[in-house]
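Below, chain A partners chain B and then partners chain C, in two separate complexes.
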Partner chain A sequence: MSPVTVDAKLLGDPIDRVDGPLKVAGAAPYPSDVSYPGMAHAALVQSTIGAGTIIRIDAAAARSAPGVLTVITYENTPALPDGPMTILGPSPRFPFKDNRIVHYGQHVAMVVAETAEQAVAAARLVKAEYEPTTPVLGITNPDAPLEFDAWGMDSTRGDVEGALASAEVTYDETFTIAPETNNPLGLFATVARWEAGRLVVHESTQWPIMARQTLATVFELAEQDVRVFVPFIGGGFGAGLRFPPHAILTVLAARMLDRPVKVVLTRPQMFTSIGHRPETRQRLRIGVARDGRLLAIDHEATSTIGIEETNLEPVTMPTPNSYDCDNVATHERQVRLNIPNPGAMRGPGTTQGNFAVESALDEVAYRLRCDPIALRLHNYAEVQPGTGLPWSSKALRECYRVGAERFGWADRNPEVRSMRDGDWLIGYGMAGVTFDWYQAPCRARISIRRDGTAYARSAATDLGTGTYTIATQLTAQLLGLDLDRVRFDLGDSDLPLAPQSGGSGLAMSLSGALHQAAGNLLGAFLDAVADDAASPLRGRSPDDVTASGGRLHLVDDPSVGETYTDILDRHGLDELTADGAVDPKAEGAGMMPAGGFAARFVEVRVDEDLGVLRVARVVTAIDAGRILNEKTARSQVLGATVMGIGMSLLEQTEFDPGTGRVANATFGDYLIPVNADVPDLDVVFVGEPDRFSPVGIKGIGEIGIVGVAAAIANAVHHATGRRIRSLPITIEKLL
Partner chain B sequence: MTLFEYVRPDDVTGAVDLVSADPGAAYLAGGTTQLDLLLKDGVIRSNRLVDIGRLPLRGITRDGDTLRVGALTTMDALAAEPVVAQRVPFVREALLAGASPQLRNMATIGGNLLQRTRCRYFRDSAVAACNKRVPGSGCAAVTGVARMHAILGASERCIALHASDLCVPLVALDVRVHLRGTDGERSVPLTEFYLPAGESPEIETVLRHGELITRVELPLLAPGTRSGYLKVRDRASYEFALTSAAAALVVDDGVITYARLALGGVGTVPWRARAAEAVLTGAPANVETFRAAAEAEIRDPFTVPGTEFKVELAKRTIVRVLRTVAGARP
Partner chain C sequence: MTAGHPPDVEVTLRVNGQARPIRLESRVTLLDALREHLGLTGTKKGCDQGACGACTVLLDGESVVSCLVLAAQCDGREVTTVEGLSSDGRLHPVQQAFVRHDGFQCGYCTPGQIMSAVALLRAGRAGSDDEIREFMSGNLCRCGAYPNILAAIRDVAAQGDHVEVVGAGRVPAGGERS
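Moving on to the complex of A and B:
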């Protein structure tokens, strides 16, 4: 039942964040803000070798240091079951199972004390003796174990080798991208508290339901005896998609001490404890006809991974679906190294793969002496290439057109080194983006109370991107209520099941569940008045009824209706509640559900003598279907674009070649863009509501980072004539 | 817990006595780095920290063609001083190229002079090999990730960089540093204040235990002298220099009659480029001269993988700053 309709506008009202006042006032409780009476504080000790074994841990001095309550090492850690399998693979390796060290910075002890300062001071007193072995490091290291066909993601259609052999123009280049670290501003924290056998955990997670499942499994509890809270999190960018060992240790410490325990990672520990974007190497071979028709694409990607870990890094996944090309093969490889395990970082895989493919197409366009947009349009995938099914929506052509207009692409002199301003060479570059669709089951519950307010909830998360706001806004719209009459709660595993904030899927899943719950709730109100002689809506079909201004009324005649409060009052009900649940399946839909599409246009300035590169402006045209809130959506894209500039110009997690120690694990050494690096960013939304999604939306959480790097590198080529296939593009690469 | 005594005296003599009397005492000075190194990184130890924040060492006075700048004068205050913009504009440019506005509001001139190296091998006590931290232990940076490291004055013993921007024009100007110890006051040229890394990279300055920087004396450039500071870095702001250069020139009828040049981002100490100055003085103000000066100065760099690019970048930085200051064509 779905009697309610959503606003037909493409762009939802740019309302301010509903949680803005809390955040501005410093009143939003992030996990690191949580405190309980009697709470103890933990500090982590990390290994100072890259591989080997612990011979001995001398924790005597730490144990006798002021305020210290316990020191946990592998020696006094009880056997714990492994965490569960998730869609991102088996749970991360738990480092306290034995005395083996598999990467520099592996946790080797947790010191718990009365105060955080005492814990940190005592942690320095823990002395570990190691028997080191030579760590396996370096993505091209021939001694490193190499996994082929990672996650079974290799794919082939057509005859790639044959088409490459016969193509008039062929292309074969290698791309490298440095590892990066997510670095959400909010330091990841865990606060664990046992209450009579029940476990309450405040955790920096993007997925409370997964966190609950992990804790229930590891500590052998029923899921209803575990409750995970994360009403606010200071960003995540994928770092909160897996359940980290330090959180398990904190729960264990709380159990051992029978009192609440808190740990907050330090910034350096953020580099080794919760994942990073892996290093990648990609080889791209393309065959093309003189007229620009793509004949073959062979895309081979290699990414790094922890020596005993798993990580889903689908670098080549969008490649077969991005262009109309009969012969496409993809190869996913993973190199096992003694490094902290990588993990998802905004647009995992896709972001790196796009850099290679969209740089390569620019190079091909130059070889063919054709316009880069024309080349892309010539190979436009009108239908999904793999299946031949129509897309649920696709406005990539409009992205190219509108983006080019706003940018002034037509004014560009395509000759390299043709534009200059004093010592600065100027270049224009562009890239296209095809982002994969992803969605997961989601539930939501909505109640309307006698005072005319609505309470909606789901165990979702808001990474700071606007889940609270769009869910409140959508619920208000669906139920015909003013915004201030609606409250939405999330970040609590006791609420109805929600998927992770990940894969750009949450807004789609959650909006579908809210849409259905709202429909069911209106149905429940109509059921309540089905035989109610006092109701003007008695016996009405849901199809005839809609809601606005706090009233249910006939679609055709708004004067015939009554308020929610009237109905509840008359029936002596405090509230009515309904659930919604979605489990979207692409199979049998007769169409291919589409993710977002985008075109990026960038102007760069390069001081060639000094190797200095600055981004002068970025224009982004995005098809993400209907936009629930133009302000939060735009902010998502702006933030992701800044992150893309960081990836392109600055960010690289550097591992010491001998040990795998992260050599730049501070914000003084790991550079992210500052305001001065961020130029005018123009974002425009194009397209139409998506046909597959119940409310017409597509995900927008990640697409904003994709394509930035290729557009910048292509602009650098236009400016200088130099093709940089290695990120970040630092000064030494341009000298 | 690392317990230490914290003292905040009101007068210079008292502060000097407090530190001088106790080998384990130190000034809470040297910018933010002292607290980081002591409390966060565990790299240095002190049992008594003497906060100099209340000492009467703040303020700028002019005496003819000399500026006396109290050690506790903030970077922001010095940058805002009109005579600095008029007579030593490259000092102002270097100040504004350093740190961030928030830091410049707090950071002092004395603290800037004494900021410690940012070398991550020095700052991580889990790394065994660091001659600056543990004399004789070696240098992990030489075989590690080196980029923000020195190529001049460096050796396999130490490649730690002196990262100050401000000190670059200050060494070009022959600034004098005034020091107060228990024996009274003395002054040394800034170019001699820093010691070459050499055999003992752990000894960074001529400061004796307990000696305090009270002020710097900054000679103004002669009217008509042009000067400039160029800082090259990946990030547009709030990053230490990969290379930088401060230059002051007088060009008379196309000939350089006065030249001062110093380099940042490349030296274990703020690098006065005397060899380049010798080439410049008396030579025509053109790009060929500037390149020759750069070649003369960057003669014998010590590089490791990761810092090799700085050799050419430093030369180009010299050429660019000289070209800009001289108003010469490319």
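Moving on to the complex of A and C:
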């Protein structure tokens, strides 16, 4: 038994971010802010063809340009081992291992100079001659190689074709979603420094442990001789989950020059170097009874992928879990193209799949002339479909109810084009969300020092998600300390192992590890006083003891106890330290660990004469289990909603159909939402603490983007009578 | 085009109330001068193309995107960066409001947002939510903290204690980060 107790409230105190003062003062060090004496600066040169080979690279002019220290091309790059396999597949293709070009914008040279200006100027002097071939482009290109079920996640239950054939009402439509680019505001940067055979790298990564492992493998070092720092990162949204080639080149340059080297990607390079959300096409076939019972779902998704790369994009993954339906099949296909490899972007796969399923259910509801919420409730998955296991928590029903109330769903006239305000057609739309559970092993360490402060740490990251804050808050609560007595460190690969900030799994993993570390630490204090005649807690079992106000004391009698400092003082100890670990296993738990659930409600306004579409308000009711910090959790959902508005209305990465060049690789051309695009956003948390997580929480980093697109498209249909199955919903689709 | 040998220039920037003489290549932007030459890394580079607002500073009291200004144009001019907003270790009211309202997540666009917010308040453009949203739309936030940024600015505007805390701040000791 652990002596530590968790606050029983559903909503954790909305304390301000503990790293907030640093950030608003401009004092938080991001990788691109790091500087060393004698540091050189690198600039990258990228290919101007989409496929082919490099015949010759003339770098003579660049090498003799002012300040230039070296130019690295495939010709002078030593053979380096491939990076390791990760859960996201093999390491990205290293472009300097040969002379082949597999996409437009592939790195072909790195110029290193005394100053960044000199490096950029000299990079323009590098001339590459190519033998081009015709790039394979276009998601519907019949010549493109196709992969089927690349991750072995395709699933079938029941007899889908039979059920579709006999269903009273059938549905068969195709959905398309444009490729998008993550575009965190922070330009990805690498600063590499070799110190007597040890390597120190400041890297824009969401996964310091994976970065360390990759560098150790590629540069043939022991892992303890590599240290990766990322105390702050200017956003990631999935872009920092793979270890990118430009970072390897920077480390190589630092080794060649024996001095620190820094590279900062340009904004256009952010479109081609660190992944993007792939383009997708989905075909969805549904069979339904007249009474609204779902009889069959067949969900096939096709996503784009680099010509010789891997990317995990599970578009159909949540579909089998979302509704109570006996016959469900999912199929994933990938089309290999000469494009920069896609990668994870917030809610990868799930976000796109939800758009199709939740749009389709709205269409089915219209055909059956029933309310979209009623249709969903009619097919509510009380237990996990297929296995029949109970969910560890599920309050989706409450999400529908509370969300509908706050939004005023009952005021909706279901007839299309029935609501109007002057020139504006008004539409209401909704969508449900089922998000998959994911969690990975994690370690954490906590010390309590003689001055009564605690120091907790784990090699996690805080992308802006609030990791610093929730870990500090949770540690303080578990140890019964005031917040200002606790420090939590992350973003350093020398700290105990932590998983990536990805899959909405970090907070669950880390909180579990901290919970166990805190329990072990209190146990260590009780061990220390087990035979201590001076201690009022002598011989007490952990079950009898808890912590509050900086003291350990009996649960039944808080007056019997003493401070951490008293115990450490008396025993001549500077500190006591304990570790915690989680190695989550869903098997054998007797339940299905649940991710988050949500209901999204949107009001749109459409001016048909002008084709203008505005999102007027969004209400989100969300079940994410216990919320550790209401303020930062709400911000996660607000921010993801904004990204969902971008996906729905604005965002599309334009690949030139002839070359594969990204034609809009700037913030002037690739539009993301600005402040004036975002209306009032209402977020309400419902549900109860999750039974599987030791502290009752579920992930909340991604679910906020899911369902926005379907709710908007459904609202557009309600406003205009037009069913848009293609994102983004740009002006020409409304005229 | 050749790399050329752009002449060095000597300029004295008045940064956060302090004279900072520097010698740099004539093509160096104000943004890079602040970050790479003066060690003031609070001002961020998000696009280097004038499109994202992360590098917003005040130049002679007016907000500018410092990636589109050459340092050589700023000789003798007054530059206020995010490091110059706090005084005597106390955060500027706008900085405090951003913390209180969680007006950021990753924090990267935040210095630029805060400088634009200070400029907005000085210009008396916080009359309505829509006016604030419009004025702040030159500053991108990919984390999507816009509603909280709006709330922070609205809050400061209502308190009315924001106007004259600009241009006299101090440069943090140490300058260069390592």
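Assume the second predicted complex is superposed on the first by the 734 of 735 C-alpha atoms of A that agree within 3 Å, B and C clash if a C-alpha of one lies under 4 Å from a C-alpha of the other, contacts with A are read in each partner's own complex, and residues count from 1 in each chain.
By our rule, a contact is a pair of C-beta atoms (placed from the backbone, for glycine too) under 8 Å apart; a residue touches a chain by one contact, two chains touch by 3 or more.
Here the structure is a predicted model, which is why all the values come from computation and not from measurement.
Asks: Applying the document's definition of touch, where does A:E195 land relative to chain B and chain C: first, second, both, or neither?
Replies: A:E195: touches no partner chain.
Asks: Thinking of the overlay built on chain A, is A:L649 touched by chain B (first), by chain C (second), by both, or by neither?
Replies: first
Asks: Give the label of whichever partner, chain B or chain C, reaches more residues of chain A.
Replies: More residues of chain A are touched by C.
Asks: Touch check for A:D609: first (chain B), second (chain C), both, or neither?
Replies: A:D609: touches chain B, not chain C.
Asks: A:D172 in the overlay: touching chain B, chain C, both, or neither? Say first, second, both or neither.
Replies: neither
Asks: For A:T641, is the partner it touches chain B (first), chain C (second), both, or none of the two (neither)?
Replies: Touch partner of A:T641: chain C, not chain B.
Asks: In the superposed arrangement, which partner chain does A:D569 touch: chain B (first), chain C (second), both, or neither?
Replies: Neither partner.
Asks: Which partner does A:L735 contact after superposing on A: first (chain B), second (chain C), both, neither?
Replies: first
Asks: Counting only touches as set out at the top, which of chain B and chain C does A:D98 meet: first, second, both, neither?
Replies: Neither partner.
Asks: Which of the two partners, first being chain B and second being chain C, lies in contact with A:D423: first, second, both, or neither?
Replies: first
Asks: Can you pull the chain A residues that chain B and chain C both touch?
Replies: In chain A, positions 65-66, 117-118, 121, 124, 666, 668, 673-677 sit in both the chain B and chain C interfaces.
Asks: For the complex, give me every residue of chain C touching chain A.
Replies: Interface residues on the chain C side: 1-5, 25, 27-28, 32, 35-36, 39-49, 51-52, 54, 81-83, 85-86, 91, 95-96, 98-100, 102, 104-111, 114, 130, 132-134, 136-150, 172, 176-178.
Asks: Enumerate the contact residues on chain B facing chain A in the complex.
Replies: 1-2, 42, 118, 120, 124, 126-127, 140, 143-145, 148, 232-239, 242, 309, 312-313, 316-317, 319-320, 330
Asks: Looking at the complex, which residues from chain A come into contact with chain C?
Replies: Against chain C, the touching part of chain A is residues 16-17, 19-30, 32-37, 61-62, 65-66, 115-118, 121-122, 124-125, 183-187, 232-235, 237, 264, 266-267, 463-466, 631-632, 634-636, 638-643, 666-668, 672-678, 680-681.
Asks: Any idea which chain A residues touch chain B in the complex?
Replies: These residues of chain A touch chain B: 48, 65-67, 117-118, 121, 124, 423, 609-614, 649-650, 654-658, 661, 663-664, 666, 668-669, 671, 673-677, 728, 730-732, 735.
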